[in-house]
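Listed next: structures, encoded as structure tokens.
What follows is a pair of complexes built around chain A, which joins chain B in one and chain C in the other.
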Partner chain A sequence: MHARRSPMTPLVLLTLPAFALPVGGLAESPLAWWQSTPALLALAIVLASLVLARWTPRTAFTEALLLAPGLFAGAALPLVLLDGGVALDQAAGLWMFLAGILALLWHVMERLTECSGFFRHLLVPALFGVMLIYLWEVGVRGFQVPSVLLPPPSSIAGALTTQTANLEDDFFQTVIKAVLRGYLWGCGAGFAVAILADRVPFLARGLLPFGNLVSAIPVVGIAPIMVMWFGFDWPSKAAVVVVMTFFPMLVNTLAGLAASEAIQLDLMRSYAAGYWRTLLMLRLPNAMPFLFNGLKINSTLALIGAIVAEFFGTPVVGMGFRISTEVARMNLSIVWATIVVAGITGSLMYGGLSWLERTVTAWHPSYRRR
Partner chain B sequence: MGSSSTLPVAEAIATTPAENRPIVDIRTLSLIFKAADKPVTALDGIDLRINSGDFVSLIGPSGCGKTTLLRVIADLEQPTSGDITVNGLTPEAARLKRAYGYVFQAPALYPWRTVERNVTLPLEIIGLDKTERQRRSAQQLALVGLAGFEKKFPWQLSGGMQQRVSIARALAFEPDLLLMDEPFGALDEITRDHLNSQLSRLWRTTGKTCVFVTHSISEAVFLSTRIVVMSPRPGRILDVIDCDLPRERSLEMRESQRFQDIAARVRHGLAEGHSYDE
Partner chain C sequence: MTAFLKARMPVLAVGISILLLWYGGAIWLNAPQAIEGFARAGRAWGAMDLVHQTFAMKRPVLPTPDQVLSDLIDSLFHYPPTSIRNLLYHAGVTAEATLLGFLMGVAFGALLAVGIVHLKTLDSSLMPWVIISQTIPILAIAPMVVVIFGNLGFTGLLPKAVISMYLCFFPITIGLVKGLRSTDPLALDLMRTYSASVSQTFWLLRLPTSLPYLFTSIKVSIAISLIGAIVAELPTGGTAGLGARLLSGSYYGQTVQIWSALVMSALLSLTLVGLAGLAERLIVGRGGRKGA
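Showing the complex of A and B:
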């Protein structure tokens, strides 16, 4: 749909009517563009960078660089107006202007995608993420969405800084004590039992149907039972995580151990290699993609399991405890701050495992480079 | 009854000078696979002796049991009846003593190992130290014309190169007996000719005993000292043809009258075994 160099003139023309409409509202009366110094200043910077970018010899990167001040000034305008006490819920002109700024950002990201390595792989996704958070902030504050429904990112960031001590304690209680231990025990036991079941065939036959049954039980079903068995503190949460991660790891390891081809096994047999040597030199390397699949699935399951389990009884600390109590106290920004911590933790665990997988199984057809 | 009849045979083997003792000795060997509908006789009454330094080709149409016979020698399949010794031992004992190197139809290289570490795989298993492993790997890779490819991964090589790596791997732990199951079956004819010359030279210079499964007549005649013609359903030996061309062989030799005569005899034997019009 978009040409290599998307034309900007129609965009500018479409944005022109915006300047006839109010940029905001002050004391119940509309505010025109020429009445607001910040609006005029932002407009001037946007125009200057547009002109510079249009009439200077340039590469894709310098064009993006020249447009950056305009983007920044344009994006800052609604925030500056809000801080100056200007209401934005009737500001049709400003929202049209913002649509123009977004189109400009689109254009800049297109140009950056043409650039080499760093800009394409880091700057473009970063810009995209910043754009989403920015729209959230401007939208929520501009249209005065009640913070119980959706707090703006700035107040979530505020909660992250003011509640750091609490959030740290929660992280330590939930992630380090419960998730990590449960995850290591669950995955470790799943792996060990898979090796055992590989040697003792009836174990695999007996355990797999049982495993499917346990996997089908929702976490809200087993969590209260585990709290009854293991008490309010972290062991009951770790136990929930063990139950949730054990069978995915078992099933994936068994599938991985069956992944070696007959001809590869015959080769080991022709070398008179025994069970353990064949396991270490052939079957486990072949099973690696399956093992990592299990580990990655489990990394997200473990976090969900521990947080949900904390809803059913916990000492006065923990991410699940924080979410359930702060929702009741209408402190939604703290709830969201906890969600941010959980999201980052989950992403880091998953990302770390993906990186490890890429390193360990670089030979696998899905990753290999010629 | 058992002891009186087997004793003379045991004595005969014990008193035979080592150099005349067959490397592989197969007597009235049969193998029946238990399939779901009805049992399949894969091998029926096979008698074959392979002497030290022989290059024996097993040739026949698909399903004649040539691969199964090779796998029985390698202790990868168990015969239903009959006797077989490899180096005077049961196939299992011979396998546990690492008596043979086996080259499969596919290269069967491990994709997570470099070319060098694929070749040194059997050497790690028998417990050689690292310098010796690398020395032998370099030597064998040079022999199959792959010096300089040590650090590549198998999937970075062509099919012909991969199969040569698998031959280097089989040679690396220096077995006296080399079992090869259509190693060049999937390759184009030019590559195949080239690898056949290399293999022939290798056999001549190392004095190994080779058992080679193929369905190409000219490949069999070019490489072998003896050609075993087999027929399917049930798998039987139809004819054993001596291939008395000079030990040193060139691709041009394939145009000679002697070569053509032997090839004709193999073709005749194969045609006899075919009964597709039944």
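Showing the complex of A and C:
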């Protein structure tokens, strides 16, 4: 029933001709499927799990579970062959087989999407991410892409472990010294000026057009000026971050402060609440979604600003410095390792802010269960 | 006239105070250099001499607005548009990469959005990664993308456009997914009673209703695309483009050149966003939404 319903089953069948084609090349001559023990073993496991999943009464989840060993064995085959010294650049059979395995993975993801909660929201994206990294690894190693073009993920992971000390120093220099300080100052100043502008409407009407104007301007361009004013060390980077984060925070805070409804404001007035009490009890809580929006936008902007500013001159440490020098020295795995650190930092900042937002604004309609 | 002035008053006031601050900052920041110059020339100086000198430095720490403006005008009108000394030439080079990257970004972003809206599996598997992809400070890898493409034999336009594309597909995807999903359920039901196919529903109903969302995203995207193109020009050490102007200005301490390149990029950005707004008014206006 289920197998017929899925459009992916014919794709799996289409891989049948793959077994007539070579699975790899050993010492300049093609290697057939029956000549390679790992290939036969992987094939056996894949077939066994397909058969089990086909003829066992199942739910969507058990089907995915039964197919998992087959997926794993099929995916491991190219890596095992590569480790065994088999060349894969002529292995048409293996690549067709791999296409079938990917179709199978897609089928599994489809079934998991039908499941609830955890599987749909965590496992499916995780599988997709693993698939991307896996394809990168197999593609780069299988087709022998030179590492000055694109290093495989395994060598990036290697660089992460061997260069930990350097990467830590860079992280400290760029993120802790420049980004964090600039971010706090920029967001703080944007927030403070927004409150001031809220008290003085004249200022708000004057500032808002400039805020919108700046959002269309490539602010990163001030990086060379800041480096000239504040020197090579972290203050110049923090200054770039301050300028970049100020206006998004200002605009978002102003929009948030305008989000309270007239009827709510009237209620506060009928309670004889003054400006500050209304601000604290009603308008700031109402502005929270907007504030967090600004904070989240700024978290990525801040990282970009600091790293780009480092392209214009740094002491011999920092993520931007590492990237620009190691690119010049063709050490791309270190560059990618730095990017991984930056990506994880960005994701953690974003994720942390999202978590905080959920906690602080749990009352907001957008978090209600549908 | 008075109503017009009254509405513009706050903007004018803030604009004028920014200018005043700018001139004040120029005096403050350039003073040490100017005083040193006086001392070296061995001449006595008063307050007015100092102000005068700080406004007319050759390599000021902070150039005054009129210095920037005169440099801009000089470069725009005293050299032919094809000359390397004309900022219009550099703006053209950057705009080319920006627009190519923008078009690629719109195509890629729209493709992802259509896939995400129509395939449930793609929605749950790809969407989180689209969001994560933006928490990676992608501008950081701009130099590497340029080097990789350089090794593959592509130089000039394409690497810059690819970086712009990566930056600007995100707002398009997010906006279009939201737009394609915001179709009125009643209208969708109507399409079903007409037994319209998926593609008919898409072209005749979903796409037109998503246009306002799409254009909001387009205006954001095109500004980001310009940022991508400018940053991509930094590592090439190239000779053309606004980013290259910024870099060479910072190498040789030509502050006025940096500022005029910045002003030029702001003008370019405003032009591009303005054009997107114009297209929006033409296309969305034609759909009869104004009357609705």
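Keep this in mind: the second predicted complex is superposed on the first by the 341 of 370 C-alpha atoms of A that agree within 3 Å, B and C clash if a C-alpha of one lies under 4 Å from a C-alpha of the other, contacts with A are read in each partner's own complex, and residues count from 1 in each chain.
FYI, contacts are C-beta pairs under 8 Å (C-beta built on N, C-alpha and C of every residue); 3 or more make two chains touch, one makes a residue touch a chain.
Just so it is clear, the model here is predicted, and its values are computed rather than measured.
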Room on chain A for both chain B and chain C (clash or fit): fit
Touching partner for A:158 - first (chain B), second (chain C), both, neither: neither
Contacts of A:205 with chain B and chain C, given as first, second, both or neither: second
Partner chain in contact with A:30 - chain B first, chain C second, else both or neither: neither
Partner chain in contact with A:235 - chain B first, chain C second, else both or neither: neither
Touched chain A residues, chain B compared with chain C: C
Contacts of A:263 with chain B and chain C, given as first, second, both or neither: first
Chain B versus chain C as contact partner of A:311, first or second or both or neither: second
Contacts of A:273 with chain B and chain C, given as first, second, both or neither: first
Partner chain in contact with A:139 - chain B first, chain C second, else both or neither: neither
Chain B versus chain C as contact partner of A:69, first or second or both or neither: neither
Minimum C-alpha separation between chain B and chain C after superposing on chain A, in Å: 11
Overlapping contact positions on chain A, where the chain C interface meets the chain B interface: none
Touch list for chain C against partner chain A, complex: 9-15, 18, 29, 61-62, 120-121, 123-129, 132, 134-141, 143-144, 147-148, 151-152, 223, 226-227, 230-231, 234-235, 242, 246-247, 249-250, 253, 255, 258-259, 261-262, 265-266, 269-270, 273
Chain A to chain C touching residues, read off their complex: 106, 109-110, 113, 120-121, 124-125, 127-129, 132, 148-150, 202-207, 209-210, 213, 215-218, 220-225, 227-229, 299-300, 303-304, 307-308, 311-313, 319-320, 323-324, 327, 332, 335-336, 338-339, 342-343, 346-347, 349-350
Residues of chain B that touch chain A when the two form their complex: 74-76, 95-98, 100-102, 104-106, 108, 110-112, 121-122, 124-126, 153, 155-156
Contacting residues of chain A [partner chain B, same complex]: 261, 263-264, 266-267, 269-273, 277, 281-282, 285, 288, 361, 363-365, 368, 370
